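Report on the following structure.
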């Protein structure tokens, strides 16, 4: 599904965030991306999501090299990827409903289908009651769950989750991870960058450890520490 | 140090976020504030920090009622409180150094003292290398640590930490919590709203559990679950 | 498609509500700058009108030779009339001329002293294109078989002509400058409102919105700002001009202001058109610059 | 304190660098609107100047009775000179008057027919305050012991006077409107740049900054925007005006434009002052509104 070859990302200020990454993610796989703060987890997800351009190297999605992606195709490409942003990136001043619906509106879904999908997904993340609240009126964890809802609302084949439980209590975190597992079990490829040791250790999956921009460990059915 | 009496916070949209809270925090105490997403932890800290006004009830700081605080006094009041915001609230477009130094500049510290303090505190949170980076160029965990550095740089007598380890890996989280403990041991009153079960369970302190705006449990030397 | 249009419209309206003060401020700025633009237009229309009016008063006086008889006069009249430059023609017999001269200089007791009328017959000639006024006068004086002399208030005529041109050119320059100024101010204002929502636009890009999809509500918003701004400015300008025009007519009745509703309507249309055009184009440019990404 | 000032200055400059495009745009808007303001000022200064000039050409011709002898003439001259309304006085003897009349109407063979000079002696009187021109002329004609008749190009004089007033009033109204327009545009522009940084201001409040502390760099920024904008606009306006003034002097030499460096310097000072004032005050108002909190 995702093949990453000799990927290097050097930020404009000269910082080398990804240093020669090679990674192969099969279709329907579930991967934890772990590593200390500043290791390059978000950068890797951003490069796959194409919100950052790689400095060199290749990323193939289903054998299509992202190097060949034209700017005008980027929005269509992104619609295949659900991204849970570390900083949520909610549209300011809009309601929970509008934020989630937006991801479907850009795809020209009819109103009734938008309504059905959004209601369902808000139910899943436990925000049905807040549907008409403006996002600024929500708690940190609630905002994070909107972001999750938006990422999964259109059933994308790839899901990139950057610290999806950072603002959630253990119980809600657990539910969200179960949700991601369920989505994964329907052949969605899932990459989760996380610091949540107990979740990584409890819901065992493949664990890729990044450190200073390099993959230092890659273990199926691994734990946070090894 | 902090006495909260019959505190009620109803947001303008009618949502009752804090429902008749009574809480006494002694000088030099360390309290975990836990509870599910949307329980009202951030609201409680905001009301103490006076970035939200209470709907009714009283908050006394050293026997001074915040109800008597005049608008012009608010900045001076806040300088006594280090606040680690859940969403960091870093000044956009500025360097790490400037963000941390700002908290001292408002207090008219001379340049040399600012420099010394900022360098020290950045060392403590492990960001010395990033001192001249713009905050947008940092990872989520790095941004969170700037926020922590800014909150503690002027040694305030009260420290309010809202989810201070949400974006940090377990090891860094541990170090930060040790730092907060050390600060606490120097008679600083510390309130930490957190979801981090392992930290609450490992570094045992008083645990206050909020649920739907009510204090449902308050236990010295408690754990996350009871 | 209809779905999208409804969405874009509600997006635009909601976006404006959300940006609240910002939109109010930018509508105010657009209104004010269109107002200035409109005032300039009205002033320049009036100056042109005034200059035209002054120029239309210019006449060439062609004095005929005494030897030219009645039939020759009418032949010459036909010849003059056939000339394309001639707009109006008026014959002044020597008797009429003398009467006019006497009434023009009532303080001089000329009548008592001058027993014989010294004036020849003449034509008063008004030209079509006053820019050729002087050359045409010179040409007329060269028709020696009929013409004794030609006067055209030499210096005054030339001066009025020049003043006319002066006004016209200054008017062009000013309206040109002001059009550019209005353009810049309106577009800049709208750009500022768009830049303030740059983060929002970036998020939309991240969620898979295509550039046209993001642009549409902003275009509608710019359009609406233009519409509201221009309607407000016309709404202020129209009664203000009517009032001032009436006041001025009372005070300086001989200065011919423009009251012609057709001309005025053109001016108001120009303002509205400019507002709508600048609002929409401003939004387009502003969003396009913000949409430029690194991919 | 010095510490703070240095900080505020660097904050202001860094803030402007960070806001990059926004500051460029607002400087451009300020420049453009001050430019329009300046053009208006220059136009109105010139119109006033022109009107003054036209009015200064107004003269009253006082024809003396034939019975007034040489000594009476000089007595009357002294009397006229003593009047506060009189600016300039010129005696025209009947011989001179006749010569002038003949040269004014060269086409009329008057000299051949009129053997006796029909004109009386006269004074040309120029008044100080042309708004009292007509009433003063009427007063002069009432001095019956000396005065035979008074002419003052009746209608023309009144018209020029009225036109003068017209120009002056329109000038006042326009400059007034434009001052308000400039004020609004500049302040709005600066408000937009401040609103865009509302989040930043709120964070500063959270970190314990007092309102004056937050305001200071914004005031400096507004001041700098005003300074840069006004210097740019004066920098464009000055050479442009010099060039156009020279061009126009070539084309319409008789129209007296304002070249006087002192007057022009006032205009440029006014522009600079307006820019700096509006920038600073605009920033003050903008930040103050944003600073209003709920506590």
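We call the chains A, B, C and D, going by the order they appear; numbering starts again at 1 in every chain.
Rule of thumb we're sticking to: a contact is a pair of C-beta atoms (placed from the backbone, for glycine too) under 8 Å apart; a residue touches a chain by one contact, two chains touch by 3 or more.
Since we're looking at a predicted model, the values are computed, not measured.
Asks: In the touch network of chains, how many steps separate chain A from chain D on the shortest route?
Replies: Contact-graph shortest path, chain A to chain D, evaluates to 2.
Asks: Centre-to-centre on C-alpha atoms, which chain is most distant from chain A?
Replies: Looking at centroid distances, D is the chain farthest away.
Asks: With chain centres taken as the means of their Cα atoms, state the distance from chain B to chain C in Å.
Replies: The answer is 66 Å.
Asks: Provide the C-alpha centroid distance between chain A and chain B, rounded to the nearest whole angstrom.
Replies: 28
Asks: Could you grab the centroid distance between chain B and chain D? Build each centroid from C-alpha atoms only and quote it in angstrom.
Replies: 61
Asks: At what distance in angstrom does the C-alpha mean of chain D lie from that of chain C?
Replies: 23
Asks: Are the chains arranged, by touching, as a line, ring, star, complete graph, or other?
Replies: ring
Asks: Using the touch rule from the top of the page, what pairs of chains touch, sorted by label?
Replies: Chains touch in the following pairs: A-B, A-C, B-D, C-D.
Asks: Help me check something: in the complex, which residues belonging to chain A touch chain C?
Replies: For chain A paired with chain C, touching residues are 49-51, 53, 69, 71-72, 74-76, 78-79, 83, 85, 89-94, 102-103, 105-108, 110-111, 150.
Asks: Which residues of chain A touch chain B in the complex?
Replies: Residues 11, 13, 15, 34-38, 41-43, 86-87, 133, 137-142, 145, 162-163, 166-173, 195, 197-198, 224 of chain A touch chain B in their complex.
Asks: Provide the residue numbers of chain C that touch chain A in the complex, in ascending order.
Replies: 3-4, 7, 14, 18, 199-200, 203-211, 213, 293-295
Asks: Given the complex with chain D, which residues does chain C contribute to the contact?
Replies: That would be residues 21-22, 25-26, 28-29, 32-33, 35-36, 39, 43, 63, 107-110, 112-114, 116, 118-119, 149, 151, 159, 162-163, 165-166, 169-170, 173-174, 177-178, 180-181, 184-185, 188-189, 191-193, 195-196, 244, 248, 251-252, 254-255 of chain C.
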